[in-house]
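In what follows, chain A forms one complex with chain B and a second complex with chain C.
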Partner chain A sequence: MNDSAHLSSQFDEDLSRLRTHVLQMGGLVETQVSAAIDAYSTGEVSSVKHIVETDRRINDLEIAIDDDCAHIIAKRQPAASDLRLVFGISKIVTDLERAGDEAKKIAKGVRRIYEAGQVPSQFGIGVRHIAEAALHMVRDALDAFARLDVEQAHRVINADANVDVEFKSIVRQLITHMMEDPRTITTSIDIIWIARAVERIGDHAKNIAEHVVFIVEGRDIRHPPKEQKA
Partner chain B sequence: MQIHDNPALKAEARNLNFYYGEAKALKGINMPIYDKKVTALIGPSGCGKSTYLRSFNRMHDLYPGNRYEGEIRFFPDNTNLLSPEVDPIEVRMRVGMVFQKPNPFPKSIYENVAYGLRVRGENNKRVLDDKVEHALKGGALWDEVKDRLNELASNLSGGQQQRLCIARALATDPELLLFDEPTSALDPIATAAIEELVHELKKRVTILIVTHNMQQAARVSDYTAYMFLGEMIEFGKTDEIFLKPKDKRTEDYITGRMG
Partner chain C sequence: MSGELIRAVLLACLAALIALPVGHFAAPWMGWTLFCVSLGLQLAFHFRNFARLDRWSRAPVVDASLEGAGAWDGVFGRLYRHEKDLRAQIDQRDREIAMLIAAGQALTDGVVLLDRNDQILFCNRTAEMQLGLVIRTDRGQPIMNLVRRPEFVAYLKAADFTQPLTLRSDRAEDRVLSIYVIPYAGDRRLMQIKDVTQTDRLDRMRRDFVANVSHELRTPLTVLAGFLETLQEIEVDRDERMRYLSLMSEQSQRMQSIVQDLLTLSSIESAPPPENELVDMATLLDKLRRDAEALSGGKHQIVVDSDGRGDLRGSAAELTSAFGNLVGNAVRYTPAGGTVRLVWKASPQGAEFAVEDTGIGIDPKHIPRLTERFYRVDRGRSRDAGGTGLGLAIVKHSLNRHQAQLDITSTPGKGSRFAARFPASRVADA
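And now, the complex of A and B:
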């Protein structure tokens, strides 16, 4: 990336404000995911309401950042690295907003389970591990964005495969449970929804990392042909 | 520099140096000009882009002390445009030029366009009528002036005058058209008309355009060359230059990080 200052210091300020807002939004999403996972293990259903409310702030930030991007494009006609940054940010906030939605889904799923008088840990299946991994990915992806660190971004992208594998394994285990005891179906399906949301959060973190690579290198690494997939 | 599926070459600068007396204004320029494509030259003031453009129609020959080294090969006949054996008048028949400020002759609209043909010795009224109409249509001006061809060209608006100059350049059927900041004296509407025209023209002629307006380069050109201090810093597809330039100096210029 280009560290030299623009002739227009106003433009530099616009861009730096934009980045700060993205990191602010990212921080919120991170907190949301982490709070939703905590609720899952502790059964603190009261925190669900807070998570749902905070999601609105994330949505508002998405709109505000996109609006800023549109204004920068209209007024500054950014090119090259500036264009990639603005364009990439506009995509990153979409993924952040969706990751926030998934956190909200987890929270609501947790509430359903506990309000039905169930305790998810009764199945001995933790989503804690996969959730920590996904949370890590979000954190690292934001870190990669903050430092425009391509290597870090690649680590996030590579980490996604493990999360996917773990999700499939959780589903398999729960299917066994459901077959053995149909009374567990309702809760099992809720847990599957939660695990699914966690897995999606990992996907969004991976997307963010891919946008970071685009911002830095101008390469679009989404959807590589099959043989190149590592 | 990797460009896939390159179109045919119309011209090529080979190790081109140019001197205004002792001052070296162009330094070892190598650059392809692709046939029936628009190539934009960008760079800060004084970088040599106009000097380079003017080499293509030997305009520097008009002043003593100017000196070329190297070649500009012109295809398909592989003529070296800079060779002393090549008559600059012949070069200018094949390479037309449009300047920053519209410069119509103090003559009628018709005579402005017919001028180059008359210089060539064409005096047949029917042929002239035909070619003038064709050129004015090519300059996207015909519909606006067909009923007043004998009026003075200076009565036209700035944008119309510029299109007249383009029509005048087109009249002799040039193979390469040089534009030296053709819209810098025009308002946005007239600018859009010229840009639209450039897009139409590239079906029949190769275009090399110098512009200070980066967005214009991005809009109208297929290839872009960035020049700095008399050197060709980067040449590539416009799509690539404006998204992911390879050289930091190009990047700094197009993102507004240097003057």
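And now, the complex of A and C:
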């Protein structure tokens, strides 16, 4: 009796440590996204190198956490909600890593634009706006995971639609720009790539929020049937 | 206790005493029955009291319901008093704890208490706002799960708390936090979070100021030194020399005006409050208009918009120079053909002097820093326009000394509006 209680508390500790690791990786991704946005608006190209280097740490963390998940499943054979947590974490980590990749893409795009002697803000002011929205989504999704707060997770899922709409309007604006003045095409395309990366970060945040709902409620809400959507 | 034992034995003896003669003279079974019944009655009495105690102990309430008879009364009484004292003590402790928590809440610094696994035990409202915590749901949560900034996690893990950690908050916009971690009660930790946004800003301003003064003075100095070297080493003809000398004197005048402005600024800062002389606004507005026209050289339209009511109380020299500075800026930063309006409005509630232009305007992000010393929106342009970078700093200081506010609104490409608002105490004859 005593022995099994001891074992299960050790197991709880393992799970709690795993969660903290995921959230620390999340913190790193948040910082990356925020640094990439700052680079975009200030033109501090020097920070790009740092962002690219930090991305490697995120990749390492992904592998390490996935390893931990496999270990826990093999050693402890968790059931029910614990198993869902481990599965959910394994998926969240994938989304975090991809969001990190998108941040790296933003940083590299910023470097391309500034090195070509252009200033992006005069073309796409809206990018900064959706970038902040996407960063908020990542932060809120991670908060929802830390607190296992389904309500907040749903708020993140709903926020994604706004980012998508704004992304489309930015693309429309830039197309008009390019038609008016073909000299801006190179920069505009780079900005579209950046906006696209931002939009993807929003999608990954939404996925993370969906995994949180799965962890808490055991419901997979990723692909709702058409009639439910309305 | 022993009293009760004696009583029980005596009662048994009494029962035996009555039962014995009955058993002897009547039938023995009657004696036994009597004896058993009397013992049974005693047992029932004790059992009833025991049942009462049992019921009470399951849900001890402090009211009068716990009453016993005989020896039980004493026991019940003591239990009752004990319970009552205990409750009073708990209430007292609760009040003390509530007071302590209220004191923690009242702190203007953020406070977070962590257990040995860095899980949150308590945090006050300030900390909730600074770090985005919600203590209602976050108690027991590892703090690193919610404050995920890599530098914070590294700081907590390294456990070297000799230096505070400076963190730019991502939850409360643009706040700069200084986090102290203090170990207490063995392996627990107390986090104290100070908001150092203001100090951080002052620090930056001071650094910028020193760097800017040096830079501003060095630029003309470099020019002077360069020409001097040329004149020393190369024979130049008279015309060339005259050109060099005039450029040199231009630069030395620049340095002189920077030093002059710095002196003005420091004298305003340390001077006693301004005297209370009456400043005649009609005369002042007329002078400002003439100065503006002279500076503009006929390239701008200068309009004075005033109903002629009201005057100001204060230092005429300071106000003239402050208003003149605002008008001068408007003329300098408005392209030829534009309009500069000088608006004066006074009422018993206060007065406002505003300069509106149709100039190039200012990006909103520069406006909060505009009155910082040497702050320039566009370095090259403002120096070409002949500014020292100290004008608005002096204006702001002069106005502050008259309890006036400088209010700046601007739309890039459309124009700007610089308004000085004076309180009623500074207005005469409105």
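As a working rule, the second predicted complex is superposed on the first by the 219 of 230 C-alpha atoms of A that agree within 3 Å, B and C clash if a C-alpha of one lies under 4 Å from a C-alpha of the other, contacts with A are read in each partner's own complex, and residues count from 1 in each chain.
Going forward, a residue touches a chain if its C-beta (ideal position, glycine included) is under 8 Å from a C-beta of that chain, and two chains touch if they have at least 3 such contacts.
Every value quoted in this text rests on a predicted model; they were computed, and no experiment measured them.
Touching A:Phe11, do we find chain B (first), chain C (second), both, or neither?
first
Based on the superposed arrangement, let me know which partner A:Val52 touches: chain B (first), chain C (second), both, or neither?
A:Val52 sits against neither chain B nor chain C.
Examine A:Gln24 and indicate which partner it touches, taking first as chain B and second as chain C; both and neither are also allowed.
second
Have a look at where A:Leu83 lands relative to chain B and chain C in the superposition and call it first, second, both or neither.
The answer is first: A:Leu83 touches chain B but not chain C.
Mind working out whether A:Ile73 is in touch with chain B, chain C, both or neither, as first, second, both or neither?
Neither partner.
Using the touch definition from the top, say if A:Val171 reaches chain B (first), chain C (second), both or neither.
After superposition on chain A, A:Val171 lies in contact with neither partner.
If I apply the document's touch criterion, which positions on chain A are contacted by chain B in one structure and by chain C in the other?
After superposing on chain A, no chain A residue contacts both chain B and chain C.
So in the complex, the part of chain A that touches chain B is made up of which residues?
Per the stated touch rule, the residues are 2, 4-8, 11, 76-84, 217-218.
Which of the residues in chain B end up touching chain A in this complex?
Going through chain B, the ones touching chain A are 214-215, 218, 242-245, 248, 250-252, 254-259.
Touching residues of chain C toward chain A in the complex: what are they?
Within the complex, chain C touches chain A at residues 132, 134, 137-138, 141-142, 144-146, 148-150, 153, 170.
Okay, in this complex, where on chain A does chain C touch?
Those residues of chain A that touch chain C are 16, 19-20, 23-24, 26-28, 30-31, 34, 139, 142-143, 146-147, 149.
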